[in-house]
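Input: structures, listed below.
In the two assemblies presented below, subunit A is common to both, partnered first by subunit B and then by subunit C.
Entry: the complex of A and B
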């Protein structure tokens, strides 16, 4: 499959009467966005706001972050099986509003929404302090259950991202990047001497507010399967989960999966990026055994020489990570795993809930228990009411001077386990 | 700002007194820098001065450790240093041990920052890596220039009380304490680079060596369960509604002890979960799903168990450090033993 990504850089975002992109400025007609979201009868009100890099703004509790994109050539549309009809995406051409993002927030759903600071020390820990954000503060109908609430917020974010992405349909991208993955036999013939490298992505699927969707299918219900890495660039995988903010993959990170991009960067040079395999992280032992068996089997079938395995979440999925690593290594395939750590606030405890000697090549997103004090911000989008109960916060962690002390666990994207961030630990 | 005052420790060899045959020499003090101290001194430039050097033979130190430490600290105290440096010892075993030991003693007695350097396989490294900063050096004095560069840089940071970075940034031997740092490359690129090295059979360094797990052997079965007093303990976060002890939704630093007297089941009007790692809907609707008080009461009534212990213990096992969890259990287990509880049902989520 061959996909062209055409990038339209966005350097500013503002409100206006007509939504458009001009000279790198994304102008948004907030009334149209509101009307679009309020079509969902589960939502009673939405406030549309803007947060730019460097501003004294805090967004919390953050649920998801999505990049506006549009499919301009080739089959299917953005977020197939969810917003667009089901069709295989990942080929043709897609335009991207690079530098823009949709951020969803509002009254809490679970305990695991995040904090996103646009400036100050907290901004260093989240990649979304660097994007021009359209923020949706969503209030659901009274009495709406948490699962429906999460679903409504998820869809509102995706719909808004699609609406903004459409603005890029007829624009001329500043740069175009081409990604191509070849069928099994063609890849072998074209790169006979290069190591065949695969990427195993573990999708958060512990269930009930810890879900990920693949072409609209709940990842709990999938068996591990093979994808073209280009499919994720068209929104084939979306986040529906409220795992700790630091190490869940927002939809934006799925769209821009950095392992996919960094493997493509060397594809055809010193490696052959042969396949992407997705698997899940279900809570039952039988599911863990089955999925890791299946993943290792696929790696074997595909004749892979090396595999990068990424985790999502922590604790319970550490077991899936170790099972995958052990079983893939047992097939004579070289592995590298990416995870993050919960070594305690003092960094003195063991970092993982499970371990295996085969995981001898590990990349870490850092210790999520590290404590940080975030400065007072001039403006809060959403509410700081929950900073004491979200994962990484504690009772009375908001101080009189307006500063907030949390573990970086509470910061959206701080310890990315697909390696989207620069943080690490030793 | 006045110059930082440093006292430096070296052995008889680096003081050019002699080799093994002179290892018996007792502690002595000399003004200014000696041997490797000269290189260290020039690395500090005008920021710090090596005001004095203490010297001791390796055999003397290791065979008369208490006496050697006492004499050396006497000399060091008089020189009024702001910082103390020992070595580097490279792979010299007794010298490495001496460097670690004197550093530890000086920090304790004089309350000043200390620093040494040695090869990772020096026995002194294993003994003191968790106690003092030890710059990782090569295994012989060939690595002096590199060692001096790293030691002088970290020494200044220590003396100026600047924040100390991760071991990979500063060059010290990991202390078993995880420290965050920002890398130049994002995680995904580091993973691809590491995989390529592994595929080519080249050396690579994992960012987290696998921990050794503390395995707990199962206890023998309870002889007569129909007579046993059983307690419920959970990491599933079940607490009285309102979470009176404010147990954190993640990374718990405390646990709660709650009375079950007269409680036959956990009503949704009285109990909920504080746990932030799973969907709370079903636990909040019926907390017995996590902490099975209802079934235990039934078993109690039917004579299937002796009795349910009057209190249950609860914490949140979400991202909670093993050290904290261990400390909780050590504390409440005492009560369980005192109260003759014979078995515990531990539920997670």
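Entry: the complex of A and C
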């Protein structure tokens, strides 16, 4: 599969009478966006807002972040099986409004997650402080169940991203990047001397607020399978995961998975990026056994020499991570696992809830229990009502001077387990 | 189903989905009870750290185990429950009050996580579909009665 990504840089976002992209400025007609979202009878009101890099603005509680993209050549449309009809995406050409994002926020359950500061120290912990954000504050109709509410918010974000992405359809990209995966046997012939490296991406799939969808299918119902990484760039995987702000993968991160990008960058040079395998993280232990068996089997069938495994979430998925690592290693395949840590506020405790000696090469996204004090922001989009009870917050964490103290697990994307974050080691 | 979640107890008992052993105990105490069952020969069916809500941020947990003990100790079950208890104890050092308004939501999330496991265990059962249906409000569970 061969996909061209055409990047249209966005350096500013503003409201206007007509939605358009001109000279790097994304202008949004908020009334059209509101009308689009209010077509959904489950939603009674939406407030469309803007947050730019460097502004004294806090967005909370963040549900999802989505990058506006549009398919301009090749089969299928954006978010197949969810917004567009089911079709295999990942080939042809896709245009990207690089530097823009849609952020959804709203109350779904009474404990909430996700702080996104556009300036101050908190901005250094989230990549989405650097995007020009169109923020949707969504209120559902009274009595709507939590499942339906989450679904409505998720769809509103995706529909808005598709609407904005369409503005890029006829534009000329400033740069174009090409990603190509050869059929497996062709890759083997072309790069006979390079190690065959695969990427196993674990997807959060435990239930309400903990779900991920693949071509519209609930990931907890899938058997591990092979995908072209370019399919994911066209929105084949979307996030319904609203818990664990620091290490969940918002849809934006799936679209821009840095492990995929870095493997492509080295593809044909010092490695052969042979396959991407997706698997799930279910609650039922027999599902974990089945999925990890299947994942290891696929790695064996493909004759991989090395595999990178990325986790999503904490606790229960640590067991999936270790099962995958052990079973793939048992087949004589070298593994590197990527996770994050809950090592206590002093960083001195055991980091993971499961362990195995085969996991002897591990990359961490950071310690989610690390404590940080965030400055007061002039404006809050959403509500700060929940910062005392969100993950990583606590009672009395709002101070008289307007600052708040939280663990970095409260910050959207702070300890990304696919490395879409700023933390690193010195 | 070992649970300290009244919503899980109420719904699963009323639907006779499975045997429910409701305990009015803390999350940590519930996990220790599960460990006792593992030592008696029961196997874990669901992961004790289900969900991303951290152990110091919720009161509720539901854990599925085999209903009959088997000969011998299931070491993988023991490994998982021991690691889970250690994790709960680690988080216990970070004290957090639980907002009383959030209790129903915390019960609901634990309930839906365990429903996803039951869906895998007994796929296609109408019982679970009925429980998910809005006509049965998960926020209004029957009053719990201790087994």
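Please note the rule applied: the second predicted complex is superposed on the first by the 418 of 426 C-alpha atoms of A that agree within 3 Å, B and C clash if a C-alpha of one lies under 4 Å from a C-alpha of the other, contacts with A are read in each partner's own complex, and residues count from 1 in each chain.
Rule of thumb we're sticking to: a contact is a pair of C-beta atoms (placed from the backbone, for glycine too) under 8 Å apart; a residue touches a chain by one contact, two chains touch by 3 or more.
Since the structure is predicted, the reported quantities are computational estimates derived from the model, not experimental observations.
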{"item": "Combined model on subunit A: subunit C and subunit B, fit or clash", "value": "clash"}
{"item": "Contacts of A:220 with subunit B and subunit C, given as first, second, both or neither", "value": "second"}
{"item": "First, second, both or neither for A:284, with subunit B first and subunit C second", "value": "second"}
{"item": "Touched partner set for A:367, first subunit B, second subunit C, both or neither", "value": "first"}
{"item": "Superposed model, subunit A: greater residue contact from subunit B or subunit C", "value": "B"}
{"item": "Which of subunit B and subunit C A:258 touches, first, second, both or neither", "value": "first"}
{"item": "First, second, both or neither for A:244, with subunit B first and subunit C second", "value": "both"}
{"item": "First, second, both or neither for A:315, with subunit B first and subunit C second", "value": "both"}
{"item": "Contacts of A:145 with subunit B and subunit C, given as first, second, both or neither", "value": "both"}
{"item": "First (subunit B), second (subunit C), both or neither touched by A:349", "value": "both"}
{"item": "Touching partner for A:207 - first (subunit B), second (subunit C), both, neither", "value": "both"}
{"item": "Single subunit B stretch clashing with subunit C - from 133-141, 277-285 or 331-339", "value": "277-285"}
{"item": "Residues of subunit A that lie at the interface with subunit B and also at the interface with subunit C", "value": "110-111, 145-147, 206-210, 243-244, 314-315, 342, 344-345, 349-350, 355, 369, 389, 391, 393-395, 407, 409"}
{"item": "Subunit C to subunit A touching residues, read off their complex", "value": "44-47, 49-55, 57, 64, 79-80, 83-84, 86-87, 90-91, 93-99, 101-102, 104-106, 108-109, 112-117, 119-121, 132, 134, 137-138"}
{"item": "Sites on subunit A touched by subunit C in the complex", "value": "109-111, 145-148, 204, 206-210, 220, 241, 243-244, 248, 282-288, 313-316, 318-319, 342, 344-345, 349-350, 353-355, 369, 388-389, 391, 393-395, 407, 409"}
{"item": "Touch list for subunit B against partner subunit A, complex", "value": "166-169, 174, 176-192, 194-196, 198-199, 204, 206-211, 213, 246, 248-251, 253, 275-282, 317-324"}
{"item": "Touch list for subunit A against partner subunit B, complex", "value": "110-112, 124, 145-147, 195, 197, 206-210, 243-244, 258-259, 261-263, 265-266, 270-271, 305-308, 314-315, 334-336, 338-339, 341-352, 355-357, 359-370, 389-396, 407-409, 416-426"}
